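What follows is a structure written as structure tokens; I'll ask about it next.
By letter and in written order, the chains are A, B, C, D and E; residue numbering begins at 1 in each of them.
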Amino acid sequence: MSTDVDDPRIVEFDVRTDEMLVNMGPQHPSTHGVLRLVLRTDGEIVSEVTPHIGYLHRCAEKIGENLTPRQWIPYTDRMDYLAGMNMNLGWSLTVEKLLNYELPEKARHLRVIIAELNRIASHFVGMGAYGLDLGTFSPFLYAFREREKILDLFEDACGARLTYSYITPGGATDDLPAGWLKKCETFLDQLLAVIDECHTLLTTNEIFIRRTVNVGVLSPEMAINYGCTGPVLRGSGVDHDLRRDGEERYTEMYDGYAFEVICETDGHYPSDHDYPPVPESAVLGDCWHRFYVRMLEVIQAMDLIRQAMDRYSTAEGDYGVPIKLFEKLPKGEVYLETECPRGQMGFYLVSDGTSIPWRTRARSSCFSNLSVTEELCRGVLLADVPAVVGSLDIVMGEIDR
Amino acid sequence: MSGPNLVDQLKQRFGEAITGANLEAIDPWIEVSPQGLVEVCRHLHDEPGLEFNLLNCISGVDYFQPDEKKAKKFPWDVHLEVVYHMWSLPHKRSLVLKVMLPRWKDDKEGELPEVPTVSGIWRTADWHEREVYDLMGVRFIGHPDPRRILCPEDWVGHPLRRDYEMPLEYHGIRGR
Amino acid sequence: MDQINWHTFFFLLSALGACTFALMVVFTSNIVRMAFFLVLSLTSTAGLFFLAGADFVGAMQIMIYVGGTMVLLVFGVMLTAQERFVSLKTSGGTWSLAALAGGALLAVLLQTAFSVDDWKAGDTAQAGQSQTTATRIGLGLLGARFDEGTSGYLLPFEIVSIHLLVVLIGAAYLARAKRRAKPSADNPADRSD
Amino acid sequence: MAEFFTTNLIEYVSLSEAWATPLGYILAAMIHIALLLNVVAVGALGFIWLERKVAGRIQDRLGPTRVGGRFGWLQTLADGLKLITKEDLMPAAADPFLFRVAPYVAFCASFAAYLALPFATGWVGQHLNVAVFFILAVLGIEVFGVILAGYGSASKWSLFGAMREAAQVVSYEVPLGLCVIVPVMIAGTMDLIAIGDMQAGMVWNWFIFHDPFTFITFWVFFTCATASVNRAPFDLAEAESELVAGFHTEYSGLRWSFFFMAEYGSMFLVSVLAAILFFGGWNGPIPITEIIGLNETNGALAGYVGNLLGMTNLIIKASLGVTVMIWVRWSFPRLRIDQVITTCLKYCTPIAAMMFLGAALWILYLPGGLWATLRLSDPLGHTREAAPDQQAAAMPADGERE
Amino acid sequence: MTNLLTQPVGVSHYMAVGAVMFVCGIVCMATKRNALGVLMGIELVLNGANINFIAFGSAYLQKDSAMSLGLDGQLIALFVIVLAAAEAAVALAIALNFYNNHHSIDVDRADELKG
């Protein structure tokens, strides 16, 4: 709006308009739940965005101080309810770290299958919802159709479709049922075609590109400074993935797996699949890149699942035996982060030596990812606000806990 | 992952600010005094070879057992901790810093303990510190936007404190 | 008992609309409502034009006034519509003075209107016949008046074209304003959520 | 019909003739209006059903399946009933008069344009010489309803929607008008019936195939028409992911459904307009009705049947246009406001202006269109050289009402 | 009423409508303090005049159709409409500019005669 005038204090305006404060949310179709953004707008131009969170605060951390680790598993499900398995996994690994529990090999591979499958489901929701934010409805339903298939698989494995409580400290509640791997294989075989469809409808769609390219550019420095993690961080070109770089207790799950971190280096992404090209105008760290990283992670996760299924079917040992419900925890404190679909989910556990933790703390990835909105949405158009917030792919359940 | 030499380095450089360390713990940690926190953090963030540029989490822990029967067996001194988990992207290692605080400033009930803010070093600390303030009741000196974040702005008390009691009523809604 | 003259019937309908809404423009103080009534009044006027056999001008009236001018007007209304401007009250003295002058003017005009016998009734039986006015108007604007054998309106047409261009540029220039980047007097009412 | 009412009123209600005549006419007019309105409203219901069904199929689901048999024919009717019974809410801060009147303005504007829209030779509500102009003008009023709704709702989201609508529609009227002028120029008249009749004969007589310029003009016209009736990807006034629901955020129940009907009404309207201007109107790709002699010269019944077939033809073409709009809506993301305006000012307007110029030159140097130029024979010997005034004079003096 | 309905209308009737609109416009201009209200008054005045042009130009509103202005009436009406649109644009721009400078659209405050 401002033009180059000699005196920087004098700005030329077409028409003098009054600034307006607009409440976007907590009841708004594209704030992904109950996020409330207070926008200060000058016409269509948003000069300031203030996120207000906490509408979904359910005191999970406080509840965790009154339950044993296994009892708290269902509460982790409800944090990032789109990636319940990954939440379970993060908490289980944290508890196992405190207990110094050695996991059987088979359980590790089972966890990889389940966690990566949930990553696909979560990214599909993120992708579909992003399409919805930009005003196209069909990809959302395509994505949900595929997610339904994953939920069917999960239902076969643990009986639940959303809040699984499947992975527990010590392994998993149950082994995969007979014939499950075959079903999973069938699912994966048809998935690539769907992803190509989504690329046609979104990634390479001209309007989609125009709406996302060069919008909400998050520089790597800013991303790191704001504690952004996961696809948001990698979309800015930072080569960091806890599955490769994380703590031993987490990375040992992926020992021997062949995978590359999805991150742009020298203008292109690691490619072993026929990816659509990066548009010329795309700037590293814009909404398009964040979206694209998620799309590629789906393919990466498919690959990991295939590898994991091979290993799982030949692995020795048990699927793991869950720890006792009132297992006594050693005194001490541990912190562990895992790579969840939306970023790094950390759990901090302080134990006073009883079976009930003294303090449980969940470090939410979306919490940090969302905090960058204020920076990204300064001076954008109103329509870009959902585009930016959608590209961060937030889940309010995780932010508010 | 932080070896004893890091502690020595820091002690050499900051002296009194480094008040302790526990290198035997599962996640070894270094204790910093509130006064020295900002300098230590800036050093950790900027110093080549350290570069802890990703602040993962700031947590508050309340070590206080309100139940008098259990308090006898309570394994810690009564205090409040603010724990900083950080990660160095270039060197792929983590670090835990702790700041020990009294539960109330000057032991006066209701006076929140104070820590300088590190939001000038890591912007992500902004929201995390707000959360610690909101739920645990630690005042961060110099914080740019010291509001509650999860609870409503007119909420009374800090819910994650061990002696916190749910209000009887909040705007006509029964609390307990 | 005569047959109902449908031309008259539709005339009365449109005339009633035009006059009523024009009066409502006068007696409404809310600016957006005024704009709305003005649109209705002008649309009714377009109906009168259709009835008088000027269908091109009628369509033009709707297109330009209702579609164009009114949107412009509403634009302006919205940009400047704040509670304190939506309705500005006028003093009673102004009102009575305006009413007096207006009433006198109306009396004179009506007297004139009905003073000529030739004007009182037309031959509206042929009113239903459709004419191709658009072609003739177009040719007239380009300087050829085949129906009259006279010259047309090429010069005024060109002048109006230039005039419109000048107006476009002028309006765009006028509407721009310079001010300080940080408005000093922010309306406190806008601060609330 | 009016006479029927009048006589009966005198006979059975024993009204004096002075009262019975106007009353009879008013009753007759009411019935006609009700018929026309219902036809259009039912059309809108049909298109809403079509939209849901097509959207369902595009999205790999079934769409409505229950109400009214396998295909859910009556789903929209059921929805309409539901909307009627819904609570009619109005925000406390709203301007009650403008809030109430806005849906009717949009609705009336959308349906008033049907007055001048012909469905076959002579089948038109009111035969106007400036029908094209009139329709465009009246469509422009619809935006007024939207603006009133946006302002009257006293909601910021609604205001955003209204402002967007104003900016968008005012911009898109320019290229839309330019595109419409191209076929008008070829036909030499703004009379839609004359334009339609001029394209009689084989498929290459359609104006879209007149010359390369008209071919491009059609696509620009369709884009601009989509934008001016607020359909995706130009549905910024509604923009549910940004503005909640834009100008009709605060509307519920029947009032909301008036906006909905207006939207579908104008969608169909611009599609019919496109079909008449570019796709031969009621004249099919192959002039079957003419070949088998279904026209006025073989008796009134033959003419009637011919017109009926012509109308069916036109409605099918227009429905295809609507289907394409639906298809586009469910495939593309929404543009941003600056991109919408850019599309209009940087692409549509210059292209339309160039096409206008090109078509004008083509008519000047290669009259008769591409196929005449290429010397393609027309089996029925149609020529397009007829002078506009003769064409217009050949029209029936007054189009029959209804 | 029946009597009125059965008689054909003439120029006089149109002129009467035109007169009402004209006077409404004049009163509007005189009484409104809102700049945009004044603008609307001007539109009404111009339309009142236009009605007369159209009426005199009509072929069948007078007993003697040879007396009608013919096409000239319509052409002049067209020019009036176009110029009214131009005038509205400029007036709106002035109103906006006035608002920019004075934060008000009350014409009673426009007495400075400078920007």
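Keep in mind that, in the parts below, a residue touches a chain if its C-beta (ideal position, glycine included) is under 8 Å from a C-beta of that chain, and two chains touch if they have at least 3 such contacts.
All values derive from a computational prediction rather than experimental measurement.
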Subunit D reached from subunit C - shortest hop count over touching chains: 1
Chain of greatest Cα-centre distance to subunit B: E
Top-ranked pair of chains - ranking by C-beta pairs in contact: C-E
Inter-chain centre distance, subunit A versus subunit C - centres from mean C-alpha coordinates, in Å: 59
Inter-chain centre distance, subunit B versus subunit E - centres from mean C-alpha coordinates, in Å: 74
Centre distance in Å when subunit A and subunit B are each reduced to the mean of their C-alpha atoms: 26
Subunit A and subunit E: spacing of chain centres that average the CA atoms, whole Å: 63
Of all residues in subunit A, the ones touching two or more other chains: 13, 15-16, 20
Residues of subunit B engaged with two or more neighbouring chains: none
Residues of subunit D touching at least two other chains: 18, 21-22, 163
Of subunit A, residues touching subunit B in the complex: 53-54, 57, 59, 61-62, 97-98, 100, 222, 224-229, 238, 240, 245, 247, 331-335, 337, 344, 346, 348, 350, 352-353, 358-359, 361, 363, 367-368, 371, 375, 400-401
Residues on subunit A engaged by subunit D in the complex (per definition of touch): 20, 22, 28-30, 43-44, 131-138, 141-142, 145, 201-202, 205, 207-208, 210-211, 381-386
Subunit E partner contacts - residues on subunit C that touch it in the complex: 1-5, 7-9, 11-12, 15, 18-19, 22-23, 25-26, 31, 34-35, 38, 41-42, 45, 48-49, 52-54, 56-57, 60-61, 64-65, 68-69, 72-73, 75-77, 79-80, 85, 88-90, 94-95, 97-99, 101-103, 105-106, 109-110, 112-114, 116-127, 133, 136-137, 140-141, 145, 147-148, 152-153, 156, 160, 163-164, 167-168, 170-175, 177, 179, 185
Sites on subunit D touched by subunit C in the complex: 17-18, 21-22, 25, 95, 97-98, 101, 127-130, 133-134, 136-138, 140-141, 143-144, 147-148, 151-152, 159, 162-163, 166, 169-170, 173, 188-191, 388-389, 392-393, 395, 397-398
List of subunit B residues in touch with subunit A within their complex: 25-27, 53-57, 59, 61-63, 74-76, 83, 85, 87, 89, 92, 94, 96, 122-124, 126-128, 131, 135, 148-152, 159-160
